[in-house]
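Take a look at the structures listed below.
Next come two complexes, and both contain subunit A; in the first it sits with subunit B, in the second with subunit C.
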Partner chain A sequence: MRRTRWLLVPIIVIPVTWLLLSGFSRDPREVASPLIGRPAPEWTLTTLDGETLSSNDLAGRPYVVNFWASWCIPACVDEHPVLADAFARFGDDVEFVGILYQDDPAAAAGFLGRYGDAGYPHVMDPGGRMAIEFGVTGPPETFFVDAAGNVADKNFGPLTDAVMAEKLNSIMPAASR
Partner chain B sequence: MIRWWPAAAVGLAFAVAALAVITILTPSGSTPDQRADALAGELRCPDCQGLSVADSPTQSAREIRRQIDGLVGEGASDDAVRQHFVDRYGEWILLAPTAPAAWILPYAAILAGSIALAAWLRARRSSNAPPSPTLTEDERRRIRADAEALDA
Partner chain C sequence: MIPSIGHAAIVVGFGLTLYSLAAHVLAGRSGDARLSVSARRAIIGSFVAAGVGCLAMIVSLLTHDFSVLYVAENNATTTPPFISVISLWAALEGSILFWTLLATGWAALVLHRYRARHRALMPWVGATLSAVNLFFFAVMVWPGNPFLLTAPVGSEGSGPNALLQNHPFMALHPPLLYLGYTGLAVPFAFGIAALITRRLDEEWLRIVRRWTLVPWIFLTLGIVAGAWWSYEVLGWGGYWAWDPVENAALLPWLTATAFVHSAMVAERRGGLKIWTAALVIATFVLTLVGTFLTRSGIVASVHSFTQSAIGPWFLGAIVISLVASLTLLVWRLPQLVGGGRASGTVSRESAFLFNNVLFLGLTFAVLFGTLLPLIVASTSGDTISVGAPWFNTVTVPIFVALLFLMGVGPALPWGTASWTTVRSRFITPLAVAAATTALALVAGLREAVPLGTLALAAFVGTIMLDEIVRGARSRARARSEDPATATWHLATRNRRRYGGYTVHLGVLVMAVAVAISSGLASDRTVTLAPGESAEIGGYVIRHDRLAIEPLASDARVIETRAEVTYSGPQSGTLATALRDYPNSQAAIATPAVRTSLAEDLYVTLLASDAATGAVTLHLFLNPLVVWIWIGGAIVGLGAGFAIWPERRPRTVEVAEAHQAPAAAMVEGT
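Right after this comes the complex of A and B.
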């Protein structure tokens, strides 16, 4: 009996430790997107320059949709150069669009003035309808849409160069990589 | 073990009665506004910490509430409204899980653990107890003789 009692220790401790480690090592807001593999939501929004931009304008080309905000610090500041660098390198083959998440256009313009404007368009999402359509829980979140218009991948949190390269692979034509 | 059953039965009776009262007193939500309120209470506010859309004033919660109102106004069923948001956020957006197993599993685990613990304690008690005395025929005869000697 005394020997079997010691068996209880690993039987209880190992699963509990595993549960705690797996629970604490992930962000509870990081939810798997049901949009993966499905057509991306369609949108028509106004850019910070006052022009109208629509998902139809990007039809037939892969594109990256980045939800961000000027108040999202430091995450959006950290990933800003990653997006700028990726746009500079792959902008001929992949479209990039920033969607403001609960942000003021003037504050967003100030952010771009301070940290650099890579040159791709940023659109406003008044009311946050598009964020709901994409199932966004908070910036930064980035969606990778392939040339067929389907969501191929999603990144929760700030992008790094390595993650950006890996995710772009899922939407870019092989010849341009 | 047996002496716990009355207390357990009373506890169970209270739980069933409480559930019945809640079920009877909860409004069924017949008007569009009541339905929208109930649905907003079932959906998680995406940018909050554990709050429902009904309880949150954030822009996302307001937009979801606006969409609920719109869908209910268009005649969508409650399930269709829930599915609209599950299609965008997954089951995570629902504050209560839809799979019955998700409700039953914790209680089943507690019940199984209690049974295992009770069985283990019982086994330990019986192994620690002194062996029950069994008398040989010779001992019986001697005790009987002693008892008769005392009676005499």
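Right after this comes the complex of A and C.
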């Protein structure tokens, strides 16, 4: 009793610490997407330039779908150069498309004017239908679709170069890696 | 300039607190009185420093100084002065600054109050409070600097949190809650001081009783105000969702309530020492855990603003305070064991013991439910959520048992109760409960939980009334006073007991209101074109007009408003709206609530069609909801009555009144 009572301290402290510590390694809003391994939703939408773009136009090639918004500061600003850089390096093998999440075209164009337009298309999503189909909870969220049209991976929150490289790997054809 | 003053004040506060910690420890070891005095002055100085910091922040907000990042993120040139001021607690960094002001305020108050008394305890109380405050100052010096500057300086800010702007209750709910949270550090500090100095007699318990009840009142009112706010603003027709942040406030409240009860046994009968000491520690650690869980973003909640660098600091603070206080407790364990006088199975003590077991059970249940998603995610990686049905299933039986005990406990004598006493006390209340149930059944009430709660409330209420009447009667006889005067005299001379009765009455009112309002509420969703009507429980609701226009007070906010005429038990017009704030993703609902003592008519706008003017409305009829707020106010008043200083020492006559059988027991809460 005299000695063993000291065990009380680690018995209480260690699990509490472990539990709270492990909480840091995950984002509470991050929900595993049921879409992974399934065909990506199909869409036909209008780009900021007024052209029509459809998921069928991208079929047969891997592509990245990035949900973003001009009001999503600072997360979307932070990941903007990551996307631009990835597009510059891998744009020949992988298509990129931005889907605007609850935003208006003028504000989106303003954002691209200020932070730089990498050159890949951005489409409007009237009524947020695509966001619902993809199960987006809030921008930025990014989906990685392979050449077969299946969602291979997704990222919640701002992309970093490392995450981008890792996730692109899962959809790029082996030869171009 | 102003931000620099604010930042300097924080650094000075940090230095003063560091000094006060060291000086208090030295004073505690050496007993040097002069050191105690200078340490106390340092704490008062830290309070002034925190005050200057808060003032600098308020001035920065009022003058829209967007060079301060916090102001740029939580203020706009259009923000009205009142909202600017309360934006002090709109986000994390400002909240911590405000929190520090309150925490140093409590510390300064308690040290000043006992500057000439409890010479052995106070240096350690001061040291503990300084250590706690040091943490908050350190957070502001390093990871959570509220005066962090930003460049380039914009000409406009993002504006305050939309929810903050939408209802005046935001001016009330956070300060009340923070006053409660920060105040609970005081009983913790006394507990630690008692453990360090081995003065584990009744001394610290006597002091701490009042210093626990005051923050307890603030915490109670803060929780009720939060529930009220969520009812008036969030538009889902309810007031309690078992959201992690609600639980975070509830957890320390539960252990503090358990402490208030167990301290009475410890003080009166000398038992439950370890238990009581453990409860103050648990209460304090739970305030930290609660803050950590909700503010660090570990548990998803409306209140977790961002994932911030402050999280690891909080984790460190929790671990340090847990290790330090547990070590101390275990070290002193041999001195804490025993000391209690024996008592019977059916007695006031055993009622208190059950009360504590139930409160602890509730604490574990709520803690488990709150942390389960985290436990599952950490072990298996799955994402689960624990919803209101789980919490209701687990906690309602415990709440019901507590309600029962609330009636039975105060009516049982200390020591051992005889069967005759028990029978004579409980026969009438049981009869009244049966009669109430029968009446409710005749009136058409069939739902089990409301029915059971009503019966239990009648039982408990009758016992309380009986206690009060017996006491008054015996005093009225002895002093030839009229019953009302006798009751008042008894109450003002036995504030703890009668204050406790009042708190219990408030809880009773809340319990009935919660059971009825959740069991008998009705709601329906209707889509109405202009001119069309719908019915709900005796009310006719007519949609008159849909308006979409900017708010008069802030043109950047677009309001979509349904104007409605209602008739029935109440009649008039109301407007229910959705507001689009420029910095909020989702529209903020502005439900219309028409309150009467019997029921609330609650109307939320769900959707609208600008082309046709049609609206989709969610109509709720929530019975008795107003009684939840009234009950909360009664609880606050009762606890305030209990701790109000007595005008003069107890007189011989009161001691006589105590000997009457009904009053042969002690103070209630």
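Assume the second predicted complex is superposed on the first by the 175 of 177 C-alpha atoms of A that agree within 3 Å, B and C clash if a C-alpha of one lies under 4 Å from a C-alpha of the other, contacts with A are read in each partner's own complex, and residues count from 1 in each chain.
Here is the rule we use: a contact is a pair of C-beta atoms (placed from the backbone, for glycine too) under 8 Å apart; a residue touches a chain by one contact, two chains touch by 3 or more.
Nothing here was measured: the structure is a model prediction, and the numbers come from that model.
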| item | value |
| --- | --- |
| Which superposed partner A:V16 touches (first subunit B, second subunit C, both, neither) | second |
| Which partner, subunit B or subunit C, touches more subunit A residues | C |
| First (subunit B), second (subunit C), both or neither touched by A:P74 | neither |
| Partner chain in contact with A:G50 - subunit B first, subunit C second, else both or neither | neither |
| Contacts of A:G127 with subunit B and subunit C, given as first, second, both or neither | first |
| Which superposed partner A:W6 touches (first subunit B, second subunit C, both, neither) | second |
| Touching partner for A:Q102 - first (subunit B), second (subunit C), both, neither | both |
| Touched partner set for A:G138, first subunit B, second subunit C, both or neither | both |
| First (subunit B), second (subunit C), both or neither touched by A:L35 | first |
| Which of subunit B and subunit C A:G113 touches, first, second, both or neither | neither |
| Contact residues of subunit A, present in both the subunit B and the subunit C interface | 31-32, 102, 138 |
| In the complex, subunit B residues that touch subunit A | 46-47, 58-60, 62-64, 66-67, 86-90, 92-93, 123-124, 127 |
| Footprint of subunit C on subunit A - complex, ascending | 2, 5-6, 8-9, 12-13, 16-24, 26-32, 71, 102, 138 |
| Partner subunit B, residues of subunit A touching it in the complex | 1, 31-35, 102, 127-129, 131-138 |
| Footprint of subunit A on subunit C - complex, ascending | 289, 292, 296-301, 304, 307, 311-312, 315, 318-319, 322-323, 326-327, 330, 333-334, 371, 374-375, 377-378, 383, 583, 585 |
